[in-house]
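Letters A, B, C and D mark the chains in the order given here, with residues in each chain numbered from 1 onward.
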């Protein structure tokens, strides 16, 4: 019995062209992600950290309606101002995050109508060549929506994992296995370096100001840690040896009974994992994902290495081409590297998995959030989270940069989060 | 935009005729309740005590597939045996109750197909004149499904109340207001009485054996306590005076910040309540509902009376006609009495609101649960709950009896639960 | 190193004589219980349900100061009115129950001075032949203090059990083991019986009014269930078979990981338990104790029997002599019966262990709590608890009666609570 | 009635002389802190973060017995190895932190005997001129004990604050009030600086290695923020304005109902606070204390400034004399500055209050914890905590350095924690 629309969620790349084209391309890409989902799939919330897909569809629209259209077009529904506000205290009341899954209404169709309503109002505005301030907010809204594209996938993955039937988001597995590559150490001289965003392209406020940092010489691994590497850690008692863990990490291991990364399940003598293609056997040669900062940090200690700081990571990744396994590949899972990597450059720095760094998410020297509600976008979360770099297999390709700072609490595991070792 | 099927959820009465006709009528009545609901409405779970409507549709079907069809027809989906088992340990594993809202799949359409699958297999069985044991299980399954019809409504009401838009299940309000009637005391002699079910009709196991009880003389009120009566209690500081409450009740008042029955909301100076027709002003003349045992018991103390025991209630209600405001009336809310009541008989004993009694839910002398999984139906819940009698505006008309024992924990408020006073 | 006063906590029997003598005897008996305890032992609170011994010493004194001395003597310390109020809302504010263990001050010595202060003021009052109302309150205060004597022991036992050193309250073990006795069924005719207190002696308000109940014929076991009986239940998978348990009981088993009664610990292949004499091996022939209502009820089902109702228990115990293993024996643990029991009478009905009944703690017909704060003593707890009968090895000998109703929630295990089977 | 030893807890300075003298001086200083406390005061635990004083007395002794005496002397009691292990996984089992308040035994006298036992064994060892490794561990043990001296005071303060009688640890208040001083901005040039410990004196492992950091030019306030400054923040709606707070901080404000720093209480129209001298009115001119990182950070935003990084703080404090209001002053509360401060140097950098920095507690470049159990001392806590600098009025005078890194979670308030502003 067919209850869901057929077809794959294939997402087309966003063109580099004008903002009007990009607006439509980004909005279309979001809708492409909805293709394999039923209205019911889009309505459920599997944990307070995750949101229903329907909420993501509406909230990204709310962003444009609230911050761009503002008084320029009639509100689709005044109640949405509260309902789809995520965390902007300056905008006013908001529906509680943990109750996003209590809303069977508005239904998916109404939310899609809301999207169309806003999408019809925007082009006129875009055609009139918006002033710089407004253009900056639109640009922010597009990058904001791309962030939510990734969350739609990770949140649906989490929801589906709670279903005993382990449904697949799309059925394209098995991906061709590729042989392993042994990681090598790549040396960096350090010294007085610069990090942070500068220049004409878009960046979030938290990526600046560009500033100087002093780095001692260090080495960084040529490849991310793989599932196979991590299996060795597990087999060596990694989850049973407190001396490998930060104290808070060891508390998490015991309190939650962690014995493997999120989504892993031992069937007979073999480990499996849950993917957006359903349950599959572990492929040793792909980058490890769905590990917390705690697990990444413990793994690094076990491997007699450490996590890089975010400055070390950024200096190493600066100047690398931004290619990789992103959302548009359709793999929706980290892959082993297929081509030969450049000899002295980190491979897979972009795409596949977000890489935990040892840096807490803090303001750069001289950082000031912009005034108004937009100032709540990033700055107020600078506490208790750790920085991840490089994007993942669920990140849109044109959404990543060497200076991009993602951040999650140290126990978060439902993102495509992995790691790369450093030493020195 | 229309996203839900139009039409009212009008439920037709179940004929007294043969079991095959009754099977179809009960099953159709359940589906009638689904009419105003979207797939998303049916998928969400608003609290661990409540279940998604979809789950109710499936579980009542599971009951027939598991206990009646058993090996007689191929399973629709073997996974459903676990997924839609409510609490039958003897049947095996069950999906955790608090996670019923994690299942976007099977979707509503699959669940409806499941219902059709079983509904197609049953008639053949019913035509073959089932033996007495099987007939008893089918009968139980029909009464079981009628219990869930009431829960579908109370659970949807709870879900909709969590939505800031306060959606209506059906829009038929306002119901015609009727003038108040003052309750009188009706005397009963007590002595050696008999309670419990006996005779040829259906009854749940917990209604027997019929047995003798000794009652001192008592009086019982001619009508249930009304919204107006309860407003007087609130205005007299009812929720602020610990001396009116059981200790555990007062703990609940403070821990949950109770200031009025469930679903009440003060707008300006006036109290409103949430109904299946949306938010409405309080009608003083209708029976109070959505009060816990604690609130009923405190009200009775304030009114210098008490709750009746279940034996007192049953003796008073024995022999009364079983008419009243039930599910089939379509009111879906307690109503003020329209006709003149019989002079010496309790009015509104059946329908409108379940009436809390002072009796904990315990086994009658000589009670033995039946062997096998069916034995888990009632007996194992005989602890920590209080008995309610008489059915409500959400109870199917042919589902009630004087001996019927409903039961809920003393803090439950989401049922149509009210009270009638007693003294002596 | 000696840090605690030497000597045993031997408690002398309270004389039947005049109230002045009894006052002094009861007060002395409380102090005798303090003998093996350090100031630190008396200050700690091991769970919200249990109180520090120091608090018991002070609260029982507060009872006399508040309800008897009232304005008749200067308050020892006005702050104590709040600090040592247990649950009397009519008296005003009270220090939160769960924070009784936050009070290092007043220290034990101040609390003992408080006791002396009140003990010096009372005799004068007692000498002046108090009027009937006051005499009744004093009498209540003495029985109240005897209830707390039992709690002092059960609360200290719980505290000591949390200490890895498993300290002994007194070192008098081993008690002489006695051979087993097989329980027989004793028949009772039932019919129209009377239960509840009547007559000149003291009783709590909840024991009346005396009233008629109808009982079907039943049988009751000649002896309480023993540790050996309960071991058989465990060995037969008692804690692993959901079909033996009430639903709420099975939830408790899983949520708390119960595998045996409170204080049991398996060392090697043998079960041990923690007693007021330290850790000891299980003695099969002694009455089982420290089981919850849930465990008692499950055991009874496993034994193809049931718990008696409180009316059945009281009718069976009426007229029996009130002898048994009480606080004054100094055993502080249930014992196997030493003498030959009377042939047709229940043995060990009084003392050794409180016996769970199947009756929830509810008001008797016609029950009215007395006016004022004293009315809060019993009535407001009549919800969610089950009745226990007969007293235990920690109950003062002259504190028990056939009509005495003790009550605890169904999951409570830290009292000396056991059971006796019934059937029919 | 006298139940506690008289006399003040005056702590004498620790001599700079030989290690044997210093050992005795530190151990004596701990005991001096016990002087105003009863055995009951020393036994109670007021929250999982705080420990009973008795536990501190024992644990600091355990450190010497476990890491210094080891096999060299018979164990006082083998059970103490587990009982008084704080968090050393390599040493083996440990009594759960949250249950330190369940131990009435060993009593205070036994714990004092334990101290004497170890103090008698140590001198012999110290006399024999320990080798460098052992000397380093002894040195660490002395600094460890000094850390616990501060915790004894802050934990007792917390315990006493939970007592409605608000007892005083010592009665020496009022401290002489001093006029306010307005803070000035002191400029620092930044550039390539060095921080971290180097040289012959003692430092914890987390203070090294000394390393280079690049700092942009910055300014730092001449004085810590005062109680008066913080009152202005409160009066300006500081606790009601989400835009001033980090998101996690605002969550804490709402979840815990914070309206002022820990220990504050509004009596009539005036704010009071609880001190080790009892409850006192707020003195505007003294440094603010008992604020969390969240409150410090919000205050700084309100003041249009920011918290310094730990590198900025250390560079500013380098070379300053280590004088200030420490434990030995006996004030046990932050004081307003009495002398004229040096013109261009930060005043009150040492003593009075620990100053929150904006730096999370992370490893310095090249940091490696020492091998073995001692390696658990600091490194494993480097996650989710923020660095505080400078010591407080409860810190022993010779225990502080410019490179000293204290650390607490961002919501901790029971330490003497305040702040100093920075900008640029």
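We take it that contacts are C-beta pairs under 8 Å (C-beta built on N, C-alpha and C of every residue); 3 or more make two chains touch, one makes a residue touch a chain.
Source: prediction; values computed, not measured.
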Starting at chain B, fewest touch steps before arriving at chain D: 2
Set of chains adjacent to chain B and to chain C: none
Computed distance of Cα centres, chain D from chain C, in Å: 46
Where chain A and chain D are represented by their mean Cα positions, the distance between them in whole Å: 39
Whole-Å gap between the CA centroids of chain A and chain C: 59
Residues of chain A engaged with two or more neighbouring chains: none
Chain A contact footprint on chain B (complex, rising order): 1, 3-4, 38-44, 46, 79, 82-83, 95, 99, 101-110, 113, 159, 162-165, 167
Chain B residues touching chain C - in the complex, by the definition given at the top: 87, 89-90, 192, 211-216, 242-243, 245-250, 293-294, 297, 358-360, 362-363, 365-366, 376, 380-384, 410
